[in-house]
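Written below as structure tokens is the structure these notes are about.
Read from first to last, the chains carry the letters A, B, C, D, E and F; within each, the first residue is number 1.
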């Protein structure tokens, strides 16, 4: 069964090491994007995965496709057109200095796309699971419509739909996000969020919010997930719980609520010395999709997803360059740090 | 007397060495733009030079300004606004493989600028020479109007105006270029062109055009320059003559026509092993402005400009990082290649 | 119609720039191998191409596969097994200093492979053209047998077989090469060689050999190719003609003899300032296969191949990272070196 | 009101990453110096800042000037002369391995300068605040005299004078330092020190010194600052309090004593995972000058300075590449480490 | 008195920074090997040290020798022969992601060596201490015999023999290791092990093993060392005690048991933020040999060794690039992290 | 028989690639110096070679020694003292842009050395050939005296003395050079010069000097060499003949005059595409010493030296990293540029 993810892929231009943007005379080039990150991770987990986007047919677009192909992602359904490709500049944070992302994604070819660009009936051929995130409909009116088209086509074909809410305040305001996302939520089987997403996009808040204080509010997270499932009929709602002490060390754990089971599962908690936190949420989504797809029990699927995303934080770039074997090794040995010889 | 140049500054992202774009995982970041290149070169020649553009106030825009400031260019007149900064990807050519530029400059903040953004009366305060190129009015209707405003204000203040035609076929078609540029030519005192520019923008062709054959048509170049001077009332028309054998070795020389003297001057010819040819024309413009401004005779001013631009071809990046002393040393010793100890 | 190539892929560890091996503290890592190079070039030309080899399933083997996949090569038929992957250290030459390759390919997993590892009936499924080189049977007795198996299976299926003789004196002596290659030649439809190959492997020499003198012996080359076609029944024999003045500049041209037409075709000659000459012959093979496969006339197919391999010499790495459009542009404009904007 | 800083600027040649000096074949080149660091930081805070030094007019000296100009520092008052520029080699520490600085600053052009090189009446034109450090008079007899000239001229013009004691045991012994610095202290309005400085230069020690034990002696620091103010008539004495556990993690906080208010203020304390600690004290000085100059209350000025210097520790290079907005963001959110998008 | 170490030297190809293998397009090249690491460290401590191995006479072998020579190791006794040099690929771990070593050392020239290649009578000329590790006899039957030859020759000459058990599960199984190593142990005067080594090679286990739990079992370590001394007649048995929390932070300490004194000594414990942990055990061995050779008391020798190996963890590469002065500075100041100026 | 060379070793800080100094943020660090270059080349030719200098005992000095040791140069006679090490900044030239060296060697520890620092009786123990250059006595009065001491001691011991005049106009004027060098010439057996050296140092000019015109004046060179031999009693005088067309391509050949044979020998001429020309003369000196030492006839010794120095121009860095085998291969095949596999 093929997994398909859909969204925008960006060129990521990162300042080397812990330098500030343009402090050095080179930028490290890689490719990324919430849904592309999920596709790459799933392909590395051995899942047959395709990725759809719209790209310019120039050197930049081709390089993005080549990057995806190198991981075994099926890029044959990508749509091409004239225009630019979005990008962002990344500066990694350290200690008290926050990381920084400067987006230059406006006017990209996919944000100019029309509903006619994507023939979902054909594109979803042979697909069993469809994943998208809240970033995509935030990018343009056209893309909001295209997301709706995709969801409807998926529903008709009985395809499982997962969505990571992924609220970005620089893309849209909460009201706008809610207006677009709520109708789309009707099609979502598996919803992934963090606390901020649920609040800003869906207006769902935990009863007692201490996220700023650094302490985790487990009951609050559970109530949010339960409410998502009940309000929109999702089978699962998952919440990632980042404790952001500073830019170098974070706590990381996650929760999964099953509507069917009527209960929440909590993962192990990791204290991570961060190499690169961008793409952390996407690696969780990929891990969860893998876990559920491969028939794991809820607790096991969640643990897999949390461990996978823990490893992502230790890897440069947005992509979670880890295998199933490596995720399972972390689950078994707890990350003892011995050299694998 | 201050020189002011006006145009768009771009981020240049170059593939390292002779690799193809995105073959390596880093890109070399610098800043460039026809008019910024001229400003930097003039500042390095010791001329009091200011540069005007419109930039976003983010990390990319600030880095561009910092780059200009490091050369001593006065950046205090730059206008800021929200939006993106243009950029281009560069792949250097070698031997039979041509170099390649992939532009991503559409929708940049300066192309969205309106005539109200630039108060030329204030901006031209204290300026004695104003330089722009044909790229700027090609970028948007707004910029075409802004160029006209600038030229009119300069004329009123008795400021010398120089323009490098700089025809770019990806920015506009010859008809459009002519329609916009011809009225602007009325304000130009010093016009710089290569053979293609004069043809495409002004419809002026040499009597016998052998540019593709590699052989230089000196009489033809002279006729073009003379026609420019006579038709638009320019004091000077200069033509750069590139013999592009391949991407690694070029012949390079230039011609200057003086309407007053009624004759053409031809520079020495250089056979150049190219390090980086981008910015070659801009370095000629800067050299010519310097030569004329500093009171050199026509032949000397032209030789200075040709030698300066010869050196540019041996330097990485768009900017011509050379001093007057270095240009003069080349004129004296013919580039014998001995190490300066 | 799918093209399949078969051989060993190696890790290439190159000293940076023009430094000597281990002068600097890093090595540039890429992947290469005569047949893999052909596969990558064909995939970039838009041909559906698969590559077969035997690799270890470790990080190095996977990286090799990822590299191939990034170009769109079908890697699904690759065989895996325990062991090591071959590699070579490369030092680029310059001027009078020759380049240098230090092989460390002995005992690689593919050289230990047995005939049972490759089920050619299955592997050649859907294949229309099969390409291999004389390096493969030189690597081990097992591989010589595996080549014979592949050729026989291809013959049965009516698949076109091309072979680049690619004599390597460090792998085998002329007598051994002849003993193994002559029986395999019976299956070859398109034979590619340089003068040394034909002499050392097949014992075929031009009537008047001046290869050391630098002057090309066109009649000699033609006689060699004709003899190959007649002796082994090949449809085509192609010869690449390198004039190696020094490590920085080479003359490059090629010849194609058609048995059917009974005549030889000679390509344009290129004087190349070399960026990286390794893989030059492979890029010619890929160009020729593309030319013949796409139905070009002999002269046109040969010109395409020669131009493609000319461009390869201007590109870092073994792979010929060029498109059909770029090869055709060189054929049209002769490599004038102007920047493509 | 212009701030002027005066001292030596050095070329900093740093071993890459955490390698030892000359372990790798390249060195990272940047420019630095206690007073230049202060000038850059103030310029980045938006203060009109000039820097004075004496430099050679060669490529190294010009590069230093260009570096300062890129941050907007006014370099127009710099004096030039023949000679060498000082430099230092830097090896960053990690964990139990201390960082290391190998100075090569002897005989630099500024240390050979005479009092006639600096016409302080002209150089202090338009200046409102003059900053220097104890490193400068330590470099040579000539510079000690030049510092005295500068202080006297500043006093005459009513310019505020700040001084960071910055004791360096490789430059002078405590007795010599005291003999030179005590007369200069009479001109200092704002004195910055750490515990070692006050002891070695001025012979002022806290009542109960536990600096080696790692525990902070707040009362002791206060007594030192008070004594400085009272003995030399300073308006303010500030003390930075570094808790150096190892080369990777430090505690960092600071204290400000106001003679007028007759009390000490203590800043928030930061636990910093260090990227680069060199320049930490200079960034505090710049932050304090900014805070006092911009009219903040004592507590607020001190908090700004401590937060600014906390951020410096997370940035590569001596310069504190942060803006006022970024310092204020840390003060507001405590450095939670979330990515700024 | 000369120290001689004997074993295999490998090319180490490390992924840059915290990237995964082949994520970047370059690999960092250095040389290493347990016994070569000891030789380099001893040479840096000022001990006259020679290293013996068998190497190919090609560019790779020569580069390995050059690397050793740069540290002052006497390489005049190295044996040369045709063949390949072993290598390994290294990926550094971070946080929960373990580091990874991919060996490609099979078939190296030394593993093909015969007993006749090494004339130990001549090779041990002038040697006072001979050091080897359990990796060497694990590499081939031939090397096991060669180790026996060396040990017997050393015994005859009254040379002190030290051995680091260094069990590697990818080289041999415990049974095989025991069968080969036990007879060799008869010649060992100083035995170095960690808990796993003693168990897997000699079958000696602490009474109460909690190594996986992270808590140290001091009594257990002591019992292991005592048993080694008593069973094989060693003068000293030393045990390194790593607490591997994760790949970024480890606890590190060591124990030395003296048969003569009949008691164990325990070193200070270090909490290390790891830069590169490969070679940590070898640096301990070198420190211990230095300590014992230079006549330190047991406690002092052990502290020196533990401090030396603590510093190794903060240095890139296998080699412990530290001097005696630096080790002693750590012992004195506890690694306070202040910059040495 | 040991060869000893004596002089100053410098840190070379080169701008990467063809960038201008400080255009990039790193400098490439290596070590060099006329006599150190000769020592390294001789050691690579298999000659037992020692190098003497005076160095600081800090990280920079040690790195210089380590560099020499890596090539097998005997560094045991080097003298240490407090102070700085000299360095130079290098910018490579290209085409018409000359390369550039910015020296920062004043006040280095060796220039401060006194005659008592060097006990030549001991230092020349076991030495058969002593090589120095005209740079050394130019550095200070002290060094001029030390050179005289060395020459006298060598003469007493019957050691062959070679000297490369190596005139540097930035170190001394012709009059001063002559005053110091002429007395030293009395001790020189083998003198190496280029045309400028002989003129500026010894006042010997060819009868008809066309060196600026690019055409070689063979008779003129011969007359210079003959005059040197006759005037100072040298056995050999050699002259290198560089035809410096530009910074990228040079002609290169050499001449050797034998006083005994009473005739001149001229080498083959090489047209070199330059990678790095610094150290070219030193590599010739090393080649000539090797040729004469190894008993070659004059023509053969000269050809070896010319070929060795031809290769140096194709290698990055001052050191001529080539073996005797490689030099001989060039002599045999003329540098045909084929890859050595």
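Basically, a contact is a pair of C-beta atoms (placed from the backbone, for glycine too) under 8 Å apart; a residue touches a chain by one contact, two chains touch by 3 or more.
All of these numbers come straight from a predicted model, not from anything done at the bench.
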Exercise for review: Taking each chain's centre as the mean of its C-alpha atoms, give the chain farthest from chain D.
Suggested key: C
Review point. In angstrom, rounded to a whole number, how far apart do the mean CA points of chain A and chain F lie?
Key: 62
Review point. Cα centroid separation between chain B and chain C, in whole Å?
Key: 44
Check your understanding: What positions in chain E touch 2 or more of the other chains?
Key -> 17, 20, 25, 66, 100
Practice item. Would you identify the shape of the chain contact graph, picking one of line, ring, star, complete or other? Key: complete
Check your understanding: How about chain A: which of its residues touch chain C in the complex?
Key -> 66-67, 69-72
Review point. Of all residues in chain B, which touch chain A in the complex?
Key: 13, 16, 20-22, 25-30, 58-60, 63, 66, 83-85, 89, 91, 100, 102, 104, 106-107
**Study point:** Residues of chain C touching chain D in the complex
**Key:** 24-25
Exercise for review: Spell out the part of chain E that touches chain A in their complex, as residue ranges.
Suggested key: 17-20, 23, 93-101, 103, 168-170, 212, 244-250, 277-278
Check your understanding: Which of the residues in chain B come into contact with chain F in the complex?
Key -> 17, 270, 272-275, 310-311, 313-317, 321-322, 326, 329-330, 334-341
